[in-house]
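After this come two complexes, each holding chain A, first together with chain B and then together with chain C.
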Partner chain A sequence: MAGDELTTLVRAARSIRPGVASPRTLALLALLVALALVPLLGTYPSWVMSQVLLLGLFAAGFNLLFGYTGLLSFGHAGLFAVGAYTAALLLLAYPSLPLAVVAGTVAAGVASVVIGYLSIRHTKIYFAMLTLAFGMMVYAIVFKWRSVTGGDDGVVGVPRGILGVPGAGIEFGGLGGFYYVVLVVTVVALYVLWRIVRSPLGLTLRGLRDSEIRVAFAGLPVRRYRLVSFTISGLYAGLAGSLTAPLVSSATPPMAHWISSAEPVLATLLGGVHAFSGPLVGAFLLIVLKEVIVRFTEYWLLVLGSVVVLLVLTFRGGVVSVLAPAVQRLWSQRRQDG
Partner chain B sequence: MAELLEVHGLRHSFGDFVAVDDLDLQLLPQRLTSIIGPNGAGKTTLINLVTGLLAPDGGRILFDGDDITRLPAHARVRRGLGRSFQVSTVFPQLTVGENVLIPVLARRGTSARAFAGVRDDAASWEEVERRLDAFELSSFRDTAAGTLAHGSERMLEVAMALATEPRLCLLDEPCAGLNPTERRRILDLIQRLEDETQTTFVVVEHDMDVVFAVSDWIVVLDRGRVLSEGPPERIRSDPAVREIYLGEEASS
Partner chain C sequence: MDAATLLYQGLVGLNVAMSLWLVAAGLTFAFGVLGILNFAHGSLYMLGAYLGFTFYGSLDLDFWLALPLAAVTVGLLGVLLERFFFRPIYHLDEAYHLILTFGFVLILADAVRIGWGGVFLIPPLPSGLAGTVRILGRGFSVYNLFVIAAGLAVAVALWLLLDRTWWGRKVRATASDREMASTLGIDTHRLFSVVFGLAAAIAGLGGALSIPVQVVTPGVGTAIIIEAFIITVIGGLGNLSGAFVGALIVGLATAYGILFFPAIELFLVYLIMALVLLFRPQGLFSGR
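Entry: the complex of A and B
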């Protein structure tokens, strides 16, 4: 009994340690402060970082399906576009940003359940091909349904709306205000995703990736769990899409094209499939590289492609998987020296 | 005693090959049964049909009196029908502890919780510790299962099947690829669990010494049918069994 009390005491003492936060917590806080200061640098950095955050959000949700559940979808641009078009059309009709974002996310969720239900009967390349086909169906719809979606022109002149409802809410002056909306939504959504990854559900999904048959023989309905994973990742795609439309003030068919489906795949592979932060780091690298290269050459896609190939080959398993252990080693070394 | 499992007129073919041919079988609770037979006798197909991995072409399967012929595999597990596989199905990238935790959470009905922390579920982890201890796997709790030695991996495979607390547990060659010492260990464990728990075991095994040492009852399959069944001493002296099974072994 005395031993038990002692361990409890030690544990309690460890948990309070005043003023000592883990290096990870400190780094995270520093990153948040830095992100909050971005608008002070001007419009262009806010513009770039908004894109980084939204691609990061898109890719992190995508990675729940890809890295954690082991299903590679090539149709998530379709779900992203459902969010973008829904938000864009709503904002034009009634300029409430929260309403548009919620509606866009829900619409993408509904589309995910339908497309997911039809796709999760298969895995691997068959799953990838099915999702690609369904994604391209969304593309075909927004391209052809001119009376609603504006055809190849897309939905243009989308306002950023009002934070609240018309008459009672904050209107955005410049990009800065909107950037903060993107930042807050992204941080909250990523926190939720982080909790999901570390929950029993997250464990079950990682089980599906590793050995589907054993999940079934643990007594769990495999397809239902695949569908849950697909739908959550679809909700994140829709959320990112519904904020992208007001950011770029339009929703256009290329958003739904399978080439856009490659973006979260690239960001995830670049940053690392097996780390939560992998898709976020990948999104940052991808967007920043694009922005830099575009300034120097019109053949920016060629250069971007080469750089991505180089990075993927140099950092096997993603930038995070290679750098994180190195940073950790450096940190523990410094602590020993100090 | 009421049968735990009844199989009536079960049939399954792969193309022209009839793997299980109008097979009848009854399993009694608390009677450790071994299923033996030459290669191609239909042992694994039978297990796959009973556990729902394959759908039969005909026939009925009753578990505890209920017809489960059309139930999906996971629903059979829910009713208390567990199994292990000949080729391990562990989660290679998860730790050994997480491997056992997945079936434990599934049994407790908390697998779908999306916002609770896996780390905070002390009761489930305690159970995992206890189960790892029983299988001498405690020291590997935080090791990735994919890096285990073959013997430990087989132990984990059986531990995971038992973590669903099945009433009937079918083990498909639990000793595949093990050396005699490891084989002894796993079989001792199965015998002990048979005595201590409510689980009834069915073992598919090639090694005849092993089969005769541990079984209460032996079912001999040949060409998709039950050739003979009975307690070990009767099977050992059955001329038909000697011809198809022991004869084959002696000539090889």
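Entry: the complex of A and C
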């Protein structure tokens, strides 16, 4: 009773004085500071966290299509690979990182428009199969077009390039510098995605997921919205791909294979489909769990597969859906006590 | 290229087609009745191959005993999978069907690594099926002819079972309207278990059949499931006779594709899949 009034009061006070940071904002700031300090711990943590951030970026974009729009794609690895190969080939020709990342993202965006335009004619299982077919076409191309893509060897020896253009830019010494590029790009891209999700566009996409017919009756072009969602998620896949190639210094056919398309699916499911932070938490858990488990057993897939089966059968909301209410309760408890 | 080469390549294609059919048959059958598109179906094929290897290659059982033994074991595993893992999720969105069965792809890939490890030699061909016959002036392996015959036999048996028996009628009734079938007194739970067990057993049989001619690896499951998906899509999801023709198309396209355009053969198969999904999503052979 008193707690509710207090909450209302606090809310009112905050709306008058926007300078007062909410606990959520503070937590977010603390997380950012912690992420910025990772390179101080050494090369290995930077390496792991770079992977986490890029998978998180990939999965968060993917979840705009899956969790928010209700379409499960099994071809996003193909879009990821378009970004990775474009960036890798450009970096080998001209070592400017910004140029490679922008070109990789744009290339993936173009591919997304084409593949998306054709795929969004269907939903559900047909959509999943169609995107799988297109993703595997990308795989077939990079696998067979040896003269350009290096065939099954892939594009190897990709440099991390220079931040800026050669002659007037910063060169990367170790992994630390590159980690900061990944961190800044990821944070900015996620902020943009968060704004998209909160915008009328995001609301419309959620409407599409819940009832396509209602959205159509509201006079909105259903297919165009689906295509927009597909293209945005494809741009994120391409962005993650174009930063992954210089991180692992190669672009290889398995990146495009449908098995890799399952990675953002699993990260999203693990963290939670219906929360913005779900894919990010999932990416962290997926990568860190893997790093830990492979120390004890070589049968990492067995563990992962069991976790997936267990999640589908029990916690379909993912880790976030279990933890978020608990955190919320903790906060309101503290407010009441205070 | 002379006519004999073309015809011979057709026979090769038929052999590929029948191996693929044995995977696609169960995949399509299970989807048609249960409504579950099973990513792990290729992994059941792989498990059948490993079991076939153990029964025939290691334990040295008779080939004619090892085959049904592998099929039945995989079938029983299928019944367990259906009972304990699929049944709770039928009501969920199809996305979760795909994700759950993908979980089993991962589990089974590591399970066979634990159970069998390393790389194997191919066991010798069963006596009576060794050697070659001369067809069109070339040698063709007797065993491959046997695989073709086995594929055809499974097709005929499935057709008889579904079209000519009382049980088949119940299956078709359940596939078209589950609730109504249940109201009419059909135990749909049990029927689902048996259907999935049968589908799994066919995949297991296909895997076991591949043992004397193909090295099995933990990657076989994920490779063959994609081809089975393509076939299932071409035939129309859930359409068994369509899947049979789909298998013929993919088998022949592979055989002739390698002959005529080796560079784009891989691309071509996915292109066919996408085109069918775009223009005939109900499959090439559906009246709808």
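Please note the rule applied: the second predicted complex is superposed on the first by the 308 of 338 C-alpha atoms of A that agree within 3 Å, B and C clash if a C-alpha of one lies under 4 Å from a C-alpha of the other, contacts with A are read in each partner's own complex, and residues count from 1 in each chain.
The definition used in the following text is that a residue touches a chain if its C-beta (ideal position, glycine included) is under 8 Å from a C-beta of that chain, and two chains touch if they have at least 3 such contacts.
Every value quoted in this text rests on a predicted model; they were computed, and no experiment measured them.
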Fit or clash - chain C, chain B, common chain A: fit
Touching partner for A:Ala262 - first (chain B), second (chain C), both, neither: second
Contacts of A:Lys124 with chain B and chain C, given as first, second, both or neither: second
First, second, both or neither for A:Leu301, with chain B first and chain C second: second
Touched partner set for A:Phe66, first chain B, second chain C, both or neither: second
Contacts of A:Val312 with chain B and chain C, given as first, second, both or neither: second
Cα-centre angle that chain B and chain C span when viewed from chain A, reported as a multiple of 10 degrees: 80
Broader residue contact with chain A after superposition on the shared chain, chain B or chain C: C
Touched partner set for A:Ser199, first chain B, second chain C, both or neither: first
Which superposed partner A:Ala218 touches (first chain B, second chain C, both, neither): first
Lowest inter-chain C-alpha distance for chain C and chain B in the superposed arrangement, angstrom: 10
Set of chain A residues, in rising order, touched by both chain B and chain C: none
Touch list for chain B against partner chain A, complex: 51, 53, 72-74, 77-78, 82-83, 85, 89-94, 98, 101-103, 105-107, 110-119, 121, 160-161, 163-164
Touch list for chain A against partner chain C, complex: 66, 72, 74, 118, 121-122, 124-126, 128-130, 132-134, 136-137, 140-141, 143-144, 258-259, 262, 265-266, 269, 298-302, 304-309, 312-313, 316
Chain A residues within the chain B interface of the complex: 192, 195-196, 198-204, 206-207, 209-211, 213-222, 225, 228
Chain A-touching residues of chain C, taken from the complex the two chains share: 37, 85, 88-89, 92-96, 98-100, 102-111, 113-114, 222, 226, 229-230, 233, 237, 263-264, 266-267, 270-271, 273-274, 277-278, 281
